[in-house]
Amino acid sequence: MADLSKTRILASADELAREVPDGATIVVFKDSGVPMETARALIRRGAKDLHLVTVPTSGLFADLLIAAGCVATIETAGVSLGEFGPAHNFARAVKTGTVTIRDSTCPAVYAGLQAAHKGIPFMPLRGLIGSDLMRVRDDYRVIDNPYGENDPIVAIPAIRPDIALVHVPLADRFGNLWIGRAAELRILAQASARTLASAEEIVEDNILEDERLAAACLPRHYVSALAQAPRGAWPMDMPGRYGVDSGHMRGYAEQTREAAGTAAYVRALVEAAPAAAE
Amino acid sequence: MITAIAGLLEGCGHIAVGVLSPIPGSAALLTRARTGARVSIIGSADPEFRTDGGVDLFDSAGQGRIDAFFLSGGQIDGEANVNLTGIGEYPELDVRWSGAFGSAYLYFLVPRVILFRAEHTRRIFVPRVDFVSAPGTSAPNVYRPGGPYALVTNLCVMRFDRAAARFRLQSLHPGHTLEEVRDNTGFDFDAADDPAVTPLPDPTTVSLIRGDVARDIAGPYPQFARDVLGTTGP
Amino acid sequence: MADLSKTRILASADELAREVPDGATIVVFKDSGVPMETARALIRRGAKDLHLVTVPTSGLFADLLIAAGCVATIETAGVSLGEFGPAHNFARAVKTGTVTIRDSTCPAVYAGLQAAHKGIPFMPLRGLIGSDLMRVRDDYRVIDNPYGENDPIVAIPAIRPDIALVHVPLADRFGNLWIGRAAELRILAQASARTLASAEEIVEDNILEDERLAAACLPRHYVSALAQAPRGAWPMDMPGRYGVDSGHMRGYAEQTREAAGTAAYVRALVEAAPAAAE
Amino acid sequence: MITAIAGLLEGCGHIAVGVLSPIPGSAALLTRARTGARVSIIGSADPEFRTDGGVDLFDSAGQGRIDAFFLSGGQIDGEANVNLTGIGEYPELDVRWSGAFGSAYLYFLVPRVILFRAEHTRRIFVPRVDFVSAPGTSAPNVYRPGGPYALVTNLCVMRFDRAAARFRLQSLHPGHTLEEVRDNTGFDFDAADDPAVTPLPDPTTVSLIRGDVARDIAGPYPQFARDVLGTTGP
């Protein structure tokens, strides 16, 4: 039985983070509103053993959760801080085996989620054959294209996360989310059992009743809980609202080059009051 | 290098570039200024260049709507295998890089993949990659409309012969020698005894680069436009 | 080589119709702007032997093109005039064999187009096994789910139309289309080699530069040609602009109950001046 | 009939209805008024009820997010096979209907599919359908979380036993007899000798139907609300 309950409106990202049980499989989109405040809230609550699926790649979100010891397994097409350089905590955790890595490639992550989105057990995908990814991902199979002759094609199994974590520019008090051009958030939400959302702004009026907004909305039926988190993507950017905090990102990249610096960064973050209480 | 890459893009209708690739980006925009080709810059906010978000790029490639793409690598070998994953024994590697990103797919689907790496050393150009993130060649029955087309470095331009699975030197950049390239390349490749020299841009191209291209590139790559092409942006 | 050319702005739906060669496979969405003026233009130009794919069903669009003898084959999950009753011309043409029918079911039409959209040769789909549709559609195959045990699943082959015909509320002079909530139009356009669009209104400003509109746009790269066609969905509705012309629809349903009435309706349509010249 | 159908929807979280189905629509809205269930009306313009457009409905069903759906048929047989395609020899049928629509998929995926047909005659309820648009039952290895749950007509309510592949009469509408149902049904079905009578709506339900339901239904089904439930809409 689905959708009986309304979206619950929570007071803060910290309350959202309490909805994520240890060991949950969570999925997060690479940009257009990365739920960084929710990531910090997960660290503050001491989340453990998360299985993190990045769509299809990640940067600070994955690196920071790994740095704080919240992640047991990461499934990703790549983790990098982009113009700010390598993701040191990710690389360290993979090299020492403290995090289990399930390496993928961007369209394979999408294919797995879209299979779940369509309710099919797998999605065919071109490419990949001959890549060592096929050697290390024994869940990726090669099947015969029934419409070809001697035409192998890869089957990517459905990825069905427990929880999609999203951060959006605008939501309404009913739980409808305006996702803008980030149509991928629809895939995340529909492939996942539940969606926990934070929003820069929560408005009173039903945004589905505005035809221009409605065209790019994720309806509340997919959203289990919603909390307001102003500047919730900081220090990453929120397109149309604020840019990346380059100074902070450069500092993070520099400080976390060594494990000791990482420990200090995480300690400061846990000891700081949550953003909502500042 | 911008001009050399633009030469490799001749006839392409739609070129996709990463937002962290200003030199390939400039070459793509030069091609755009010359022929009207469409350029998509992954991660760009500019409506003229942006792609529809992550999944659209891969769907477009699957539809055959992307003609050229750029790929780099932590290691690249003589069969054009690309390693973006790391050095050592998987999974607990000695050096761990970011990961394969879209390479294991786009390398199969995009007709002209241009390998670009400014640093031409034996550290990068190895006899055999430690991890094949994306293979340079495939068995004949594997669906593969795309693949490696050329390699551009700070020393030279090579073309890739898919049937022979070997690189062939196309031209040396002015001031560099075949011996220097052989010394800095860990794999064997074909070359004429007296290789051609990469042509310098003609005056029309220079003015296009300093004009249209510098203006266009200042949006997605402001720092590059300022520092390298000498513009202050729009 | 794709996308070298810009979207061509044409003067009328009649010019659009001239871009559709006889024998082409065309695809059309069931609502949210049915390109009825383009259908009439196809009839006026005497289009022949079209292979029509309806997404996933159709009403007046399919029935009228069939009535006028433009269609050789129809692939559809159903043709009906909805509240106005059965599609008589469709039923007559199928019964007499003047049109070849390829019966499908709604999600199978989507699956075929989405396979083309993703550049894969087929899409798996649940359901269908045991339906007589599997008997009459020998292009639908049953394969083994590589992730199950003794778990048959249907494979739907990719549908790659030559031309997507769409009608949208708003476009700009660059060829960008605002498709609103009809996200399906994106699938049609990307699965097809070319898209021919008509629009209620064509504006001067680039609609991609308006963040709220941009979220629901199909960019010009997918649009080969665009023509303005005010009330271009008439007598069907254009959500947010005008409703269905129930009087006309009832008259059509009544008049085309017999073949003679159909002939008179089509003759009147061909003899009428095109809408743009009125 | 509205109340009888609502009884069959008990416990459903998300019910999908076609825009041309006012009686099932009213039953779904009655369930909504009672339990807060979500109702999606295919083709509705109302933001409260509309589905995201065509493809979303089928994806939702595939995700297991739709608990109940209504299906009608030109022919329905005793194994709950449904024919929406036509009568005679395919493809050049004697009678051609619209087509299978989503039936060949939703009948497999939605847990409670309620067959609804106001006309209870041997023309509809045949020994064996001419064309199986959607089969009532499947082999045990076929993935099928959904299927036929009940049949509601102007005479009675039947429940479908998926293991036995047979209908069983649940209740007769007031004023109708078992004999009348047998006379008008072309297939055999199970029934108690003295079947129950479909209960009439209690006063609370009547007031819900004339109140909340009539108000909600006037948006998607204005004519039905006016003619049958006696409201003039919002």
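Note that the chains take the letters A, B, C and D in the order they are written out, and that residue 1 is the start of every chain.
The rule is short, and it goes like this: contacts are C-beta pairs under 8 Å (C-beta built on N, C-alpha and C of every residue); 3 or more make two chains touch, one makes a residue touch a chain.
If you want to know which protein each chain is, UniProt gives these names: A, B, C, D = CoA-transferase.
The model shown is predicted, which means the values in this text are computed figures rather than measured ones.
**Student:** Report which interface contains more C-beta contacts, comparing C-D against A-D.
**Tutor:** C-D
**Student:** What pair in A-D, A-B or C-D shares over half of its contact pairs, by residue number, with B-C?
**Tutor:** The pair repeating the interface of B-C is A-D.
**Student:** Measuring centre to centre with CA averages, how many angstrom lie between chain A and chain C?
**Tutor:** Measuring from centre to centre gives 36 Å for this pair.
**Student:** At what distance in angstrom does the C-alpha mean of chain D lie from that of chain B?
**Tutor:** Computed from C-alpha means, the inter-chain centre distance equals 58 Å.
**Student:** Cα centroid separation between chain C and chain D, in whole Å?
**Tutor:** The answer is 29 Å.
**Student:** Which integer distance in Å separates the CA centroid of chain A from that of chain D?
**Tutor:** 40
**Student:** Which parts of chain D, given as residue numbers and ranges, touch two or more other chains?
**Tutor:** 52, 62, 109
**Student:** Indicate the residues of chain C shared as contacts by at least two other chains.
**Tutor:** Touching at least two other chains: 114, 118-120, 125-126, 148, 151, 153, 181, 183, 214, 239.
**Student:** How about chain A: which of its residues touch chain C in the complex?
**Tutor:** Its residues touching chain C are 111, 114, 118-126, 141, 143, 145-148, 151, 153, 155, 157, 179-181, 183, 211-216, 239-240.
**Student:** Would you mind writing out the residues of chain B in touch with chain A in their complex?
**Tutor:** Where chain B meets chain A, its residues are 20, 43, 45, 52-55, 58, 62, 84-86, 90-109, 131-135, 137-139, 141-143.
**Student:** Tell me, which parts of chain B touch chain C in their complex?
**Tutor:** Of all residues in chain B, those touching chain C are 11-14, 35-38, 47, 52, 59-67, 109.
**Student:** Touching residues of chain A toward chain D in the complex: what are they?
**Tutor:** 1-6, 116-120, 190-191, 206, 208-209, 214, 219, 221
**Student:** Could you list, by residue number, the parts of chain C that touch chain D in their complex?
**Tutor:** Going by the criterion above, the answer is residues 29-32, 55-57, 76-80, 82-83, 86-87, 90-91, 94-97, 100-101, 103-108, 110, 114, 125-133, 136, 148, 150-153, 181-184, 187, 239.
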